[in-house]
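Worksheet for the structure shown next.
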Amino acid sequence: MRKTLYYGMVGASLSSFIGVVHRIGISFDGRAKMVAGCFSTNAKKNQETADFYEVDQNRVYASYEEMAEKEGKREDKIDFVVISAPNNVHYKTAKAFLENGIHVLCEKPLCFEVEEGEELKKLAEEKGLFFCVNYSYSGNNMVKEARELIRAGKIGRIINVNAEYLQEYLVDDVGDTEDKMVKLSSWRKDPKVAGISNCVGDIGTHIENTVAYMTGLKLKRVAAKLDYFGQPLDLNANILVEFDNGAHGVYCSSQVCVGHMNGLVVRIFGTEGAIEWVQENPNILSVTLKGQPTQIYNRGMGYETARSQAVNRLPSGHPEGLYVAFANIYRDWIEALLKVVNGEPVDPAECDFPKIDAGIEGVRFVHACVESNAKDAAWVEV
Amino acid sequence: MRKTLYYGMVGASLSSFIGVVHRIGISFDGRAKMVAGCFSTNAKKNQETADFYEVDQNRVYASYEEMAEKEGKREDKIDFVVISAPNNVHYKTAKAFLENGIHVLCEKPLCFEVEEGEELKKLAEEKGLFFCVNYSYSGNNMVKEARELIRAGKIGRIINVNAEYLQEYLVDDVGDTEDKMVKLSSWRKDPKVAGISNCVGDIGTHIENTVAYMTGLKLKRVAAKLDYFGQPLDLNANILVEFDNGAHGVYCSSQVCVGHMNGLVVRIFGTEGAIEWVQENPNILSVTLKGQPTQIYNRGMGYETARSQAVNRLPSGHPEGLYVAFANIYRDWIEALLKVVNGEPVDPAECDFPKIDAGIEGVRFVHACVESNAKDAAWVEV
Amino acid sequence: MRKTLYYGMVGASLSSFIGVVHRIGISFDGRAKMVAGCFSTNAKKNQETADFYEVDQNRVYASYEEMAEKEGKREDKIDFVVISAPNNVHYKTAKAFLENGIHVLCEKPLCFEVEEGEELKKLAEEKGLFFCVNYSYSGNNMVKEARELIRAGKIGRIINVNAEYLQEYLVDDVGDTEDKMVKLSSWRKDPKVAGISNCVGDIGTHIENTVAYMTGLKLKRVAAKLDYFGQPLDLNANILVEFDNGAHGVYCSSQVCVGHMNGLVVRIFGTEGAIEWVQENPNILSVTLKGQPTQIYNRGMGYETARSQAVNRLPSGHPEGLYVAFANIYRDWIEALLKVVNGEPVDPAECDFPKIDAGIEGVRFVHACVESNAKDAAWVEV
Amino acid sequence: MRKTLYYGMVGASLSSFIGVVHRIGISFDGRAKMVAGCFSTNAKKNQETADFYEVDQNRVYASYEEMAEKEGKREDKIDFVVISAPNNVHYKTAKAFLENGIHVLCEKPLCFEVEEGEELKKLAEEKGLFFCVNYSYSGNNMVKEARELIRAGKIGRIINVNAEYLQEYLVDDVGDTEDKMVKLSSWRKDPKVAGISNCVGDIGTHIENTVAYMTGLKLKRVAAKLDYFGQPLDLNANILVEFDNGAHGVYCSSQVCVGHMNGLVVRIFGTEGAIEWVQENPNILSVTLKGQPTQIYNRGMGYETARSQAVNRLPSGHPEGLYVAFANIYRDWIEALLKVVNGEPVDPAECDFPKIDAGIEGVRFVHACVESNAKDAAWVEV
């Protein structure tokens, strides 16, 4: 009866902020150990990271292909791989590990093309492997609370959605004719690495996922106006959306909105009430019932639904932040895999981590937005 | 040398909330007196209102036509009329008073058709009369401050706009098959009285005006998705907008968004900074310069621009509300008319009240939105 | 059957911000007309103000004594006087008008000495005259809502109070050795005019009144530490308070707290819940029941108590500000006086304006704080 | 050259929320490993916790005395111990480990008596050992930013302090005559375990420390009114404070304030500006310069001081919460100890963790408050 999992990482060298968040998130519950990695294509960085984490030299790999192949053949192979590398690496890396019998947790976006996503899904199913796409905001307690309340019918039928993800960090790119490809985050602006979209692909897709997670609604079509401001990829997006239940809404995604650091805000309006969640102050949820005062839910209080109570780590008023969102996703992920490795049945309903379908939906959304924009914001089916 | 103006009202019986706001707004500076009126088509209400305000019985009129004609012939005729009656009455009433040589201040929307607006404009110009359309939010000190800062280049070139006006008061209408025309506000939902739009016409148009006032930008085209939820007129609207400078944005207008009472929120994003104003807490303005902390401006402080300083009535921290917004518009209106009646020149630049062009622009906007929606949110020129 | 009252003003020249607020507040309901005044001891200012308000030349007075005496003898004498002059004038002016049979509404503080207050009270009772002390914040809808909820037992027995009134406008006085008596507000800093306290007397007393109004609790004793920073009167005060029900709390009053404009904040904590009101955003009330989410009450909504509903002037989400607080006090004041002049009985319970007892309580509070401070913050009975 | 430290824990069984936070906080930077522990006096809990963390059976101890003694004798003894056990255990445990040559990080309060604290300090100095008292809020980035700004003179000379720490979780204890000693947190209410104070000792002391850390001011004396509401220890405290620079302020600490979960709020007012920090939204700092708009600092932005920049872990807008505050303290603690074990000099100025002096100051503060309250809030020197 195993109580601990072993994992490896692709990407996530010491200089990668998100890679560190993965490692810390996993460590919260102490049920998985990192034992292998290909942390960087830069050999020095790769080795430094391996040294820092005290990874056995035999399991430090120069390429993800080597890692997938060699780990796949080990008796004590890693149980899962975390892929936290630039976007263009996701698909092929995920594929390689699946082919070698290793469960995959991959950063978003899952891949560039919908077909790639479908292929990975098929492959995982054939191999009986689990696949998580790290839409990390769904790990927040209050996002789960919103979902529970909406599922329970608290706000009635959804009739309007207003969501945004605003940042300011690329505003200097606007209207600049010089090459800006030298910034820290430059790969996000390079189509070869980032894919067909920057702003929608990087952050707009979090709006899509968070709304889908909270509401269970599917996007039917989008009418998107993207602004490139002279850059190869989009920096700003205003998107009309239509859901399968007939409701409409807007998604606004931007990296040029001064005054907003990482402003994911989701507002769901129903016939009986409304819910608002603000990522930058994530322990709070605003819930209003029709004709009633807005109620400010605090994470950790007794009035939370059972599901949210279950994922509380700290008492109310003690801020849980981004690391905890990761930790919550990893808890569900690791609990499911522990059952798998121990031969126990896994109830899909208990697997509250973002699945490959969410990843594919994200790719569809990005493609639809880019296509719509190319058609001057005509409606495009998702 | 006259120091006081005389005015009459059409509409604004005692039971009209907005009529009372007009009367109080005018009274703030004590420079205009109500001496005539046709307050209601209901004779009893008309008389009661006249009695309450101690209007001379000779100047209480049964119809706006009678009032316009008779006042127009008096030696001591009213200097201006305030039209605060249902939408369908605006055009013909305004026309009648203009034809009788009386300046007009009219509630928004100016009229139903763009052509009507153009006709009124032409008529006013021919007669040398002033015409104000009461987009009252532009009377707020902090809206003026936003405009001054934007004009001064503080936030650079505008690259994105995100504005909304959300209310919840009609959410019970959603999906209801029964006749809801019995509510207090029912005329707003009746196309014959309200015109072609409820939600966009009543409140969406305030978004349009406030953004235009703050930024000086002109709307080029809109792509609007309106939701009717089974009602004759729209209750919810999500609108992509494009400005003449190439910038895009979204306007969201709704009467079915639970948790929002009168939520006009305007956010203007530029290359150098951003500005946010929230009508429900109007004495505050958020100003952020690129890479700097957000600054919370308080109305009444020494750092305000000269223009805003000039319209301060209370020291900082003492809330000025809706009445003051009206009072500020009326101050500019009355100051201009006092110059006119005293034969002094009026500098248009000093006339900081919403002019008939703003009213016509509002009608254009509503028409464009309704037309766009009829074409499934295709772009329509404004 | 009279429907209109006539009043006069002492103080409130055109340059007095609070004087204008009185006049406008009275005008909201159109039931009282200003017909007399002694607006300034400066003859020119006095005349200018009289001219502006078109006061009959015969009723413009050079001194309050002359005004009280001459008005008292007129057949058509003013029904009430509004005293909006510096503090040192309150007592003697109020006394003069009472002696001449005229109801009095006086700005706070009522007077300098408790004995003076008791004398005025006795005089008013003997003459059968009404007396209002203008603690204007009690006119706010949401302050009334707080009182109604507390009275109804919503938050249980009160066990702690935390209230503050913070301003920054005198911070430059701190540690300054130069004469600062030249500022606009300089009389507030002059003991001969302002009395024994600046900060506690001017704004701390609003804390005392607002808490007393909301809770019905009486202050039993205070332990106050005042800071003078080299000035003749206090600029900062931190005060421990004890109520007659045994509960404790703190009152913090300051004119040197940078970042606070007019920050009256009242928080009342009970065994079953808590209430918070913030004057700078006065249309909101935070109400929390034990173990429940905080509820954000919006003025004007159907869930308000009947009392607050009755004083709503604008729909929810349309900000009512300081003028409305004044207008609400004046409505109650004028309604009561109209009954008096028409010989109708007045139910004291209906008179929801601050009475002379509140004014006396305020004077007691200021004296107790100053005395406590002189004893190094020893407890002093109020 | 060692790169990793080894530590043990006293207390911190799996059911202790704060014990887990310690372990996770340490793990963030991966530079210290837990290898020994006495997690509970309950043998079963002790073993379960040891098993969970895979602690070598030889280093699981039944008592802290045994642990201190045996670890002290090992060649590979732990470098430091973390004491996260009930208050009454702190002093004797810390003493035991110091005597055995082991550095100590102890939860607050340091001990019950000032003399105990002084003794521990002397012992640590004699042994050349480091001692940290875990005032965790000082680990927050924005608390450090506040300190840096204040140190740099940004807000001038401090003239007033207003700080509070409000919770609601014990409100049910008020006026209850039944035994409430059965709650989860009951030991906090038991004088034998918690010491002479509950509310001031548990949370009031965080106010004292956070203000001292931010400002560098020392408390001179306090005048405290504590409310016990029939319980053996205090549940509510309102405290006047006086600093060594002559400034005054109030500290309010409560466990019965409905609507507040973990509401540590610190506001520091100076002659040139003011700073406000709210623990429940810790990535934000409000900074106001005299006469200027309030500036909302966001953690992680380029305008932060170098010190705060250095402790940033996530980009701006990605919430860092309580775990990060712990991680930051542990980073400084571990970096200092690594130097010690490697024989490098340690610059005290670099050791930005709370030292034993802070712990002693906390004990002094609690004693002064309790003594003051016993004297009916007379001033007591700290």
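We just call them A, B, C and D in the order they show up, numbering each chain from 1.
Assume contacts are C-beta pairs under 8 Å (C-beta built on N, C-alpha and C of every residue); 3 or more make two chains touch, one makes a residue touch a chain.
If you're wondering where the values come from, they're calculated on a predicted model, not measured in any experiment.
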Matching interface for A-D, options B-C, B-D or A-B, criterion over half of contact pairs identical, gives B-C
Two candidates, C-D and A-C; the one with more touching C-beta pairs is C-D
Rounded to the nearest Å, the gap separating the Cα centres of chain A and chain C is 55
Cα centre of chain C to Cα centre of chain D, whole Å, reads 44
Residue ranges of chain C touching at least 2 other chains are 260, 291, 294, 298, 301
Within the complex, chain B is touched by chain C residues 17, 20-21, 24, 27-28, 30, 52-53, 167, 169, 260-263, 279-283, 298, 300-301, 313-324
As the complex stands, chain D meets chain C at residues 155, 157, 159-160, 162, 164, 168, 171-172, 174-175, 223, 225, 227, 229, 236, 238, 240, 242, 247-250, 252, 254, 256-260, 267, 269-274, 276, 286, 288-291, 294, 376-379
Per the touch rule, the chain C residues reaching chain A in their complex are 287, 291-298, 301-303
